[in-house]
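Paired with chain B in one complex and with chain C in the other, chain A is shared by the two complexes that follow.
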Partner chain A sequence: MTRGARVAEWVVLYALSVAVALAISSVIVEATGGDWWPVLEALVDGSIKASGRWGETLGVAAPLLLVALGTVISAKAGLINIGQEGQLLMGAAFAVFFSFRIGGPGPLNVVLLLLFGALGGAVWASAAGLLRYWRGVPEVLSTLLLVFVAIQAVGYGLKWQWLLLADEASRGNRNLVSEQLAKNNRIPRPDIFGNEFPITVYVALALALAVAYVLARTVWGFRLRMLGHNPRAAQRSGVSSTVYGATALAIGGAFAGLAGAAMFAGGGFSFGNYRLVPGFSDNIGWTGLLVALMARERALPAVVAAFVFAMLRTGAGFVNSTGVESRITDVVQGLLVLALLVPPAVVFLRDRRRARAAATERV
Partner chain B sequence: MTGAGGPDPSAPAVELTGITKRFGGIVACDQVDLTLHRGRVHGILGENGAGKSTLMKVLIGLVLPDAGSIRIDGQPCTIHDPLAAAALGIAMVHQHFSLVDQLSVWENVALGEEGRLKSAGVRDRVAAISQQYGLDIDPDARVGELTAGLRQRVEIIKCLRRNPHILVFDEPTSVLTPEESEQLFSTLREVVAAEGRAVVLVSHKLDEVLHATDEITIMRQGRVVDHLPTREAVARSLARAMVGREVSLRSERAAFGLAEIEDPDQEPSGNGENRQLAETTPSDEPVLRIEGVTVKGRGGARLLDDISLDLRAGEIVGVAGVEGNGQRTLGDLLSSLVPLDAGRVVVNDKEVPTGSPGAMARAGVAVIPEDRHDSGVVLDMTVVENLLMVDPHRVARHGVLDKARATETAQQMIEEFDIGCSGPDAPLWSLSGGNQQRVVLARELAAEPDVLVAAQPTRGLDVGAIEYMTDRLRQTAIDGVAVLLISSELEEILELADRIVVMSRGRIVGELSQADANLETLGLMMGGSTE
Partner chain C sequence: MLIDFFSAVGDVLSSESTYINGALFAALLAFAATGEWVAERSGTLNISVEGMLLSGAFAGALGYHLADSVAVGLVFGAFGGLIIAVVQAQMSHRLTADQFVVGLTLNILIVGLTGFLDREIDPRADRASTVEIPVLVDIPLFGQALFGEPWPFYLLYGLVPLSWWLVYRTRWGLELRAAGENPQSADVSGIDVNLRRRQSIYYAGLTSGLGGAYFLFAQIAAFDDSIIRGQGFIAIAAVIFGGWTLWGTMGGCVVFAGALSFQLSLQGLGYELNTELLQALPYLVTIGTMAIFARRVRSPAALAQPFIRGLK
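Up next, the complex of A and B:
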């Protein structure tokens, strides 16, 4: 198939599946007594059209992209890391601890805070790596279960002032909340055409390019992919599944942790307003996993996928104000997510079938 | 010659007329006619890619032809899918088994049946069939634990249970030992003679087609090039028709397994000369020393049991044995895939930490693995990537791959080893088995190894590819590499090896020099006879 035909095929597949999702959504909204058109308008307004909204969407897309990039790396090693939600939360917690208990003011501090976030995510993912390569616990289980441990651990941290909890003066009558990050410690949010977004958006984009490059063009990326495709061939060729696998998991976690730190230090009103609170991760980890899935575990398509998922999220905020019941709008959102994941699944299944047919054909 | 019963006994069981099938620009079958009669074994001979498999897929409904007609028992019909084929009484024993390892024999046989499953009934049926055709098997054995030969029996029983009129065997002996093949052919005779079924034997081995069929159709490049009764067939002309050119006597023997047809005492001319050459680089110091090596499997079974073996530069040592007697583990051991439980492996006077990733490759041991899809290639990667798998640093600077250099290196290897592919960036799965094997060979030899382990290197390859592989192995030894040839094809070992060891139950049970070895003594040793 030529490149043009491939692109055309994607466009048609997405147009079809989104159209079907919208059609079903309209029927559901109308059937439950709502008005469909305002819902659709709100979706577009909230995500890009209304003033300042595409900046907001970019701000959401950045952590989604970071999480997805980490997922891509561990997936290339043949590992199924589904604990990004917890790794992200841990990253945020590490960043918070560093900001208020160790670091000082200034731009250097912002960089260190982000690095600490990455460290937090890496540590959390490495716990799963350790279990996998030392004891043979499947990472798909351990990463998932560690999400719930992370939630509890961060909740615990938020109860103690020497860990994450803010002092009484700054928390007022609130419980389970960290101090608010000082203004000079925040990630800059320059204003572009009336849209504000943290400069971590650029960082995320640069990292997407870097990940694509490393995977495709370096010896390390090459060997990592080899491990993912055929562990025995990799072992024979000198790729240690323990070293490469554990590293890939740690890097995957680091990306999620970085996303958490970036949300904390650059998120504005979307993410906790520079404070760590329970539920801070707000499904960004899970959604990032879906982004990677939509991008079929490739770095550059993840850029587009992250923006699309961010649009759904920011758009949904506006939909809630249309008066249509929130359960119904949740269904609409779910249908759209499904519509985004159907084309990659269709293409994956078809390609695999073709490859198998070709393989048996040539016996 | 016609069987009893059937709607129209005078009509042939199957008549394929003008079957044509294209895949993209490639014509897999071009106006092929084929007639199968009841009570006869019909051999279809051809190299890989000659269109044999496609033709059979048309017959069993896996492939729809672009043109042509099918008549079964004189009735025109179309076969849209395998279920329709089954309804017409057509069954196929596939080259690659479609069995579920975790299930027992009778469960596998019952798989795909509809309605309620009565285990006692199926078991009895399995027992009855296995008795009737001499396919001895335990219905309760787990399929995953059976040898290739026994698995094939399960596959055959599965087919026979549906009582087919037309039975297709696709390269049935590619996974069998000589004795198992012999047994298979006697079953085949039984099926044909006693019950008037039509049998198709698809093969690229001249020997077995001459031995086991009543008539032969030869295909080349999608066309039927000849059709004749077996009693009028001569090995040499068959080979010429199949390959389309003269094949050298030497590789002909290896490719077609003609040792039994020609005089086994007559040594191939090339070999003596080569050994002489090898002796011009004498070396008493072994390059590879395997010392008292024991490897235990899960549950403590000894997969390798106190094995000792020396390999010198320039010699080819053959490891003969019935499959499943530790050869696979030996190959894995030398591929750094399994750790040792006792003993040591020494390459060039240095002990190698077996089981540590890439240790063997670094020590200078190259491997053509028994199952290239298992550890030899990465199907989802490109030809370049597969060629550079073991040593990507060769084309990298500071850990970054130099794409131009990689492509150039790959292009050279593709030309040198004549690898048929659409280019260096073609995905490996798009290559034929023979060309995939060449990719493995090219890569392993490019590493300039001291030791080359070739495990079943010609399995499933066609004549041309076997000829090529055999020559390469011999040349490699002449170039001073110590070659370990692990094979269950005795003719291959007899032709290539300077020295032969026989493995049985994970042990080395005997060693012979080439001069002392012949099919008979080897067969006896493989069977565990300690004469």
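Up next, the complex of A and C:
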């Protein structure tokens, strides 16, 4: 098949899958007595068209992208980390602890806060790494279970003033809430064409380029990929699976933790308004994992995927006004992910079948 | 203070309601964990158990809403779980999509879908009637909890032995375990590995769906998209905790449900225990058990590894 035909085939397959996903969503909406077009319009309005909305969407896309980049790194080393939700929450908690209980000098504060967040995520992911390489516990299971431990640990922290809880004066009549980050310690949100978003968006983009470069063009990235493709061969040629694997897990966690810290200090749509509250992570970790997997574990496609997922999230806010329950966006999102999984699998299976047929003919 | 606390623990341990509550949660976990155990023995790991439970609970409510019968509700529930299982199985063991992505996506999708449909349809449900087994129900402490339950509870007494028999005493079960231990060899000896894996996931879907519907009829009697709240993940933890044996898995269900019920009863008496610690307990205990036994208790050798013929 020529290259052009292959590309055309991919485009057709993807278009078809997305169309099917949207068709199913429309059937669900129409069957329950709603109208589908207004929902779709509201989604586009809420995510891009209405004033100030694409900035909002970028603000959501940044943490998603950060989480996804971490996932890409650990996945390249052949590790299945599915605990980003917990690592993100831990990152946010570390950032909160740093900003209210330790504190740094003036402008350095924001940077240190982000680094502490990354540290928190790395610590949490390293717990899974330790269990993997010291006790032989599969990281799939430990990272998953640690998510729920993290949720409870942060809930516990929010009960004690020496940990995360705000003092009585600043928490008002709310329970389980941290202090609000002071204005001068927040991540700047410059205004561009009536849209404002935290500058962590640029950081996330730069990191995406960096991750793509490191994985493709450096010795370290090569060794990591070697470990992922064939652990035994990697081991024989001197790549320690313990050192590289544990590092990859820790870096993956650090990215998720950084995302948590950036959500806390960057503000924006539904991110707790510069406070840590229970449920703060709000599925960003899970969704970020999906972003990475939808981008098929590559850094640059993850940028696009992160934006698409962020659109569904910010668009959801506008759906309610159409009289259709906004939970429908979760459904649309889920169906879209499932649909986008189909084309690569179909092509992969067909190519294999052809190759096998060719191989048997030759014999 | 400490003496007070210990007397409270005594009160909790000697009160029947602790055991009744414990049995309620343990049964929910056991329905899901039994199926998940079967599925994991074939080498699959279904995070979508959570979604299957929720789907089962919603379908159960829908069934009751339509037919005014708990039995119909349970059948609907089992099918609700099966639908999720079919998507999970076809996507990850016919097409080659990653099973974790599919599972996670399904979980998110189902929370959204059931929440959406619940607002739009608002199905009403009711409690199942309680059946007491004479004589046995009079056993002190445990009697009521084990033999005086809403009738769907008793399905477990058939389901668990049935699962054991299927996995250990039938050809199907042997092939299923072969698919979980060494898919390459199983394939060479003529077993359709991915077919067995799909079937095992269907089984998990049926039992989990049933479990979700059971929980709806036994406890809440009204659907809400937060009723399952992570119990599916605890069921997965129970399978791991049990070292991939059925009895160990059931033990995990009892221990984890017991901890939850213990905490609820203590709260009922006005004692604040560290709730976060207790809620994290199932996960911590499971991680701890794995850390201690991971090298000795063997998981199915091909657990969570996709099988594609010709690719190792």
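We adopt the following convention: the second predicted complex is superposed on the first by the 318 of 363 C-alpha atoms of A that agree within 3 Å, B and C clash if a C-alpha of one lies under 4 Å from a C-alpha of the other, contacts with A are read in each partner's own complex, and residues count from 1 in each chain.
Please note the rule applied: contacts are C-beta pairs under 8 Å (C-beta built on N, C-alpha and C of every residue); 3 or more make two chains touch, one makes a residue touch a chain.
The structure presented is a predicted model; accordingly, all values stated were derived computationally and were not measured.
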Inquiry  = Contact-wise, after the overlay, does A:S51 reach chain B, chain C, both or neither (first, second, both, neither)?
reply    = neither
Request  = With the two complexes superposed on chain A, say which partner A:N175 touches: chain B (first), chain C (second), both, or neither.
outcome  = neither
Message = A:V239 in the overlay: touching chain B, chain C, both, or neither? Say first, second, both or neither.
response = first
Task = Tell me which partner A:N273 touches in the superposition: chain B (first), chain C (second), both or neither.
result = neither
Ask   = Of chain B and chain C, which one touches more residues of chain A?
value = C
Contact residues of chain A, present in both the chain B and the chain C interface = none
Ask   = For the complex, which residues does chain C have touching chain A?
value = 45, 47, 87, 91, 95-98, 100-102, 104-106, 108-113, 115-117, 119-121, 230, 233, 236-237, 240, 274, 276-277, 279-280, 283-284, 286-287, 290-292, 294-295, 299, 303-304, 308, 310
Touching residues on chain A, where the partner in the complex is chain B = 217-220, 222-223, 225-226, 229-230, 232-241, 355, 358-363
Remark   = chain A partner, complex, touching residues on chain B are 23, 48-49, 53-54, 95-96, 335-337, 356-362, 367, 369, 374-381, 385, 388-390, 392-393, 396, 399-401, 403, 427, 429-433, 460
Ask   = In their shared complex, at which residues does chain A touch chain C?
value = 28, 32-34, 80, 82, 131, 135-138, 140-142, 144-146, 148-149, 152-153, 155-156, 159, 283, 286-287, 289-290, 293-294, 325, 327-331, 333-335, 337-338, 341-342, 345-346, 348-349, 352, 356
